[in-house]
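What follows is a pair of complexes built around chain A, which joins chain B in one and chain C in the other.
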Partner chain A sequence: MAAIFASRCSRVGRSLFGGLSNSSPGLFTTLHEMTCKNMFSQQQRTFIQMRTVLKVVDNSGAKKVMCIQALKGKKGARLGDTIIASVKEAHPNGKVKKGKVVYGVVVRAAMQKGRCDGSEVKFDDNAVVLVDKQGQPIGTRVFGPVPHELRQKKHVKILTLAGHIA
Partner chain B sequence: MLGVIRARTWLRYSEPLLQPWKVGFSSLSAIDGRKHHLLNLQEIETVLTDVKADDVKVIPVPKHCDWADFMVLATGRSTWHVKNIAQALIYKAKQKQRGVERMMLPSVEGQAGGKWIVIDSGKVIVHALDEKARAYYNLEGLWTPGGIQNEHDEDLQKALVKVRRKNNSKKPAQKNA
Partner chain C sequence: MRLEKCWFCSSTIYPGHGIQFVRNDAKIFRFCRSKCHKNFKMKRNPRKDSTFEFERKRNRPERYDRNLAENVLKAIPKIDKIRVSREERHHKNNLVKARYVLQQDPSLTLPKIKVKVSQQQSEENHAMEE
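Coming up: the complex of A and B.
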């Protein structure tokens, strides 16, 4: 689809700007590049599904985890959902090691989520807080902003440990 | 298409009082609407005294966090005692709402584990922890003003201490005459 759209744009450009002047093809290419950049280089904001790499925002010792199972919904996990993940990067002296399978609560998601007042909340990155099976946080501090929707999802412990609540 | 745009503009510019769909979606709005039914600070302190909770501390939440007014920290001597604290608070909330058509209970989190139980009763949040969990999470240091700053200062002092490296070389130390 993207290739078709790009080829159509280029054809239209040749037919319209073909015999105008020397500067016009350059102008068109810049416009064409800008449209392509806006359309194709933008991050896809979708559900957190299998093989999604997420940032860990607590002091449990892990840096990056990869989702291997979303525990709710057919499509994937969203803000406030619990996932099962595998630790891909970890600090050498942390509580969790590389390769360990852990549970995590999604505290920031790039996919937008509607609020009850009609607004939407979305973040720049996907981030998790590692928890155990009972829902106790492994780390003792949570860094960065955390949305207050976690209170409705019964993750008050994470809200308590967080520094800034959005 | 025009109908959708019209509906959106109506929602945006209409008064908040004319939006009944908002009520009930947010737990906070529901709690604020029936605040007199849930437990207040004095009742919580009475219950915690009755069940003999150790080291009860009431921390006022800073103004920038508008999701709660007070945090109450209580320590239980065992897992059973921590669960008993939570059960006593729920029982008190039920007793207070006797005769109400629709009973509204505080949400309880972590009752299966028993190491850290959170009872969310609207504007007052009660944390019942055992001794190890209270020392591990250090919630007083997080929520008291200047607590985090002190932690950072300690870390900075540790970082600035000069540590002499060990001599791991196999060669014997040479004496320079």
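Coming up: the complex of A and C.
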């Protein structure tokens, strides 16, 4: 994606600054950097949907999972929702192996979510804790901050395992 | 409900306002408005930021000047005296106006109601007090 965008930018740059003198390369690079920087820093965060890759923040053995089904809502999953995912990367001797289809609870999402007091909360990345069909976590530890909204979703076990509650 | 402070501009965040960003090291950044949030995302330094110059100009403490302080201390009792005299004048004017209005339209006065209290009731009240 980034490579395609960069190549497009460069083509536009050549067409725009083709007839200029030797001062053009510097001008072009600054313009290109600015455009790319704005594009990627102000990226629109959206729902967790099919093919979204999430980080696994427990010690179940998986590292990365890809969402294959959001179990709530038309558009996709958000903070606190349950998803079905496929394990893409895993530790060699973990409980969960690569290619296994698992359930997971979204404990961190980059898309902001409204709170009951009217404010909004958002996180750095998209992260998930793997659970079984009954909603009990597979791992025994949860890393990083998790939101207190999980209490409303009846995931109290995840909250007790978590180090920080935001 | 708690009143938080904005991480970027240190203004008060009232309930229902702003956005909260939680970093992966569990540090919470609260922003009062999208202006502060965007400046944070652009990695701007809040101390150097010129867009908040206007906010910074207000409530700037004056540098101590002995003559100025002396004049202010002398002026305080004078100002108090003026304030009191103005209030008195205001009340007096209002009373004059009220009297004039009542003279023009006596129906505005409240009717005097006489309440008759029977002997028994007064005795009962006295007994209850004892």
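Methods note: the second predicted complex is superposed on the first by the 127 of 166 C-alpha atoms of A that agree within 3 Å, B and C clash if a C-alpha of one lies under 4 Å from a C-alpha of the other, contacts with A are read in each partner's own complex, and residues count from 1 in each chain.
The criterion applied here is as follows: contacts are C-beta pairs under 8 Å (C-beta built on N, C-alpha and C of every residue); 3 or more make two chains touch, one makes a residue touch a chain.
Predicted, not measured: the structure shown is a model, and the values here were computed from it.
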Contacts of A:141 with chain B and chain C, given as first, second, both or neither: first
Partner chain(s) touched by A:151 [first = chain B, second = chain C, both, neither]: first
Partner chain(s) touched by A:124 [first = chain B, second = chain C, both, neither]: second
Contacts of A:116 with chain B and chain C, given as first, second, both or neither: first
First (chain B), second (chain C), both or neither touched by A:166: second
Footprint overlap on chain A, where chain B in one structure and chain C in the other make contact: 117-118, 163
Contact footprint of chain B on chain A as seen in their complex: 116-118, 134-136, 140-141, 148, 151-152, 154-157, 159-161, 163, 165
Complex interface listing, chain C residues touching chain A: 1, 13, 15-24, 26, 28, 41-42
Chain A residues within the chain C interface of the complex: 41-42, 108, 112, 115, 117-125, 144-145, 147, 163-164, 166
Chain B residues within the chain A interface of the complex: 11-12, 22, 25-29, 65, 67, 71, 107, 109-110, 112-113, 115-116, 118, 120, 125, 127, 136-139, 142, 148
